[in-house]
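For reference, the structure I am asking about is given below.
First chain written, first letter: the chains are A, B, C and D, and each begins at residue 1.
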């Protein structure tokens, strides 16, 4: 059984629009307004409409990835960015969400997937997962590099997968006229939106708390073999070893950790 | 003949996407990179694809309104805002563009059209043209007023038709989860985008330099009697009197001027 | 309380796509697989997700019209037909559903609404409700008449609101290249689809059992005063007089009956 | 230089909607209303908007495939069928167009691509190009086989790539509720449309003469290496040998011919 990170009642006005993130009787509940699910047994609210049976061929490792990060990358990044075949896409941030965006962006056959980050290991993983071009943001010239890679005019879609003003700024700096900036990152501060130039650039900027409306689609893609989400699982620990798992995740760069899976004892 | 404010070649990659504003051999040319059209005779570049024959029943007064302000209000405001029947809409700014948005928003039957401005006369005109609710932004409590009118959660669509940080901020303050902020105003400075709250609100923000791709649609709506754009023409002058026309427009609030039409001598 | 004609569980795959007509635990149940609702008291299955509270200002007369015929006309006809501002629309059949299509088509501001029927009274009502042009199908020259009215090339949208091969044929005969044929009628036999010409005409043909997904939108439009569905109620009877109501409806043409409302004793 | 099979002026109302197939000064002209292009030199009408420069990395073999069959398969089949990730797709007919649909359908990551034909060699090629399941229509049980493969309810998208009543009927027999039938085939006769069941199945049926509006997208996908259209070229002849080329194509099944390329002497 897959436990969605978003709880939905299926009946309220938001649920009727598949905007489960804002469900009147749910939304982002697990790990936010009540405890999360790192336990042997959990009681899930609105279970009838917030759990998904695993189809044959979908293992638990895949399922745990589909609970949150893959719907987030797909909905907030890829779908909101309206990636079309032959598009040029920049993904800023190669953490687990950014890497899940690299994988799910390919559902729509972009011509180019540029990934920008400052961690050489994560950039290497991005390449393995399908990125066509890598940009080191540590150089301070990432915007120029992305523009040059895209042929000068900028990218069709820029996905912000970090959550700080600098990375949002990079996205708005490299989007082509007519393009989309899809924000995925969780932000703690306002950002400066360059309307003095963007007002005339026909761009679209989107935000979204994941709705997990695409979970059934993702389950089918895993079952058919077109998506291997477990590729992002780098470490595994027993539940009784949870503190070590947190330490590993807390030092992710040095441990080369992407997603850490906890298993029942 | 209607002269579009946007020049398009019909052949380049942007024109093929109906994004004429960025035409490789045109775009915003008239009154920008060459002189405008306040003259007895003008030579229009890319004339084959930048002029429109007037259908029977469309007068020159209507046509001049369809050259720029109505496509701008419709494309940048109403279409980018994806107004749907029963939506609640806030239009911030009741100048000619904002008022044209009031008229064209009604093509999609919103349940409520709230107009915010500080000019009592313009608010009165907005009401005549179809606004259901008026908000005086001079009170400093416009955001609260709009939220209350919308039932508490905010509006589905907020149209920014002024071009300063304060009015953009009003728009982002009143948009409901899942809503759209459609920027129409020409901005001279960056604005502060409140991503620290909006990241989770599933909103869409759009910008656009008018493409005038909807000019044929507007011409048909005028010909069928469903749109009377000349209602925005408050003053008329002969071309030889152009300086007086500019003076009138320069003191628009006191003159209660919306659009000033220049006629051939 | 509004009882939707379609029962939906809100949880199954079809409900998640707002295709309630095919709900795994509901769909078209009332009056089809169980008895309907002409009673003092009824028990509604899946009530949590199949009933709608009436907002202030929406009377019971309006609500009963929104249970079935208005969602049907809007979803199967207007929305499936993708009516856009300035479109030319032909509605074939001026029964209650066709007339509800006349009213709801106007949500999208078509330039022309041509209504075709053989009943002079219904055509007269269509005109009152917003039809711009009337065609008597009894003449046998309806296709020519519609083509001429549309300027020669045919209409953008043809709505079939009868359910027999002749009226479907009329629709496919008058649709312009790029246009849509939206079937609303309940058919009992196959129809002949003229693919030998239509294959190259870029047309779209749609069918749909009403999902009543637009019921919330319709309720808001009634509450805001933009829709008066009760205009289709021509007769009223007490429940104890139901047989007379059926007689009236059974002789609808002579009685000039559109919708007959039953009231509690 | 790529010569599009469709001639477009870029200025008329149809061209403005990217519906070049119906261009007022073009459309399907080459090989239809004037001679085609099997010659050393040809004069192309409306050349400014009907020719495409080849980007680096796109050879002439690829270009000739992009002139007609790939835009046809993509626009009339894949795009009109609105294939989404995880969809189940049936492609009826494994001629060059059907096979091009197999390749271009993968731009949108369907979970299953079922190809139906009666020619064992073509089915084998379909498998090589990405079909997941093959159905021999010679058995007379193709509909049952496709339904079973799709899990019982039918496919999301059925693409008709033959052009006879039997294959259209197969498509309408296997489409699931909510699904799309995209007609690609050139038909010479009407077909029987089973509205007596389909009226309630929420299906969409589309037709289209190729517009070649997606040619720029296809060129980019070839340049980026994501599409190898020349895989469909099975035979090559010099122009002086054109009659032999026609003989080969005329006996395509025995010659295992898909597309035959003519080269300059």
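The definition used in the following text is that a residue touches a chain if its C-beta (ideal position, glycine included) is under 8 Å from a C-beta of that chain, and two chains touch if they have at least 3 such contacts.
Here the structure is a predicted model, which is why all the values come from computation and not from measurement.
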### Query
Comparing centres built from CA atoms, which chain ends up most distant from chain C?
A
### Task
State the pair with the higher C-beta contact count; candidates are B-C and B-D.
B-C
### Query
If you average the CA atoms of chain B and of chain C, how many Å lie between those two points?
34
#### Entry: Distance from chain D to chain B - Cα centre to Cα centre, in angstrom
42
### Task
Note the residues in chain A that touch 2 or more other chains, in rising order.
216
### Query
Line, ring, star, complete or other: which one describes how these chains touch?
complete
### Summary
In the complex, the residues of chain B that touch chain D are 9-11, 13, 15-16, 18, 48-49, 213, 216
## Note on the structure
Listed in rising order, the residues of chain D that touch chain C in the complex are 14, 17, 19, 21-22, 28, 163, 168, 177-178, 183, 185-196, 198-209, 211
### Query
Which residues of chain C touch chain B in the complex?
84-86, 106-109, 111-112, 132, 216-218, 220-221, 223-224, 226
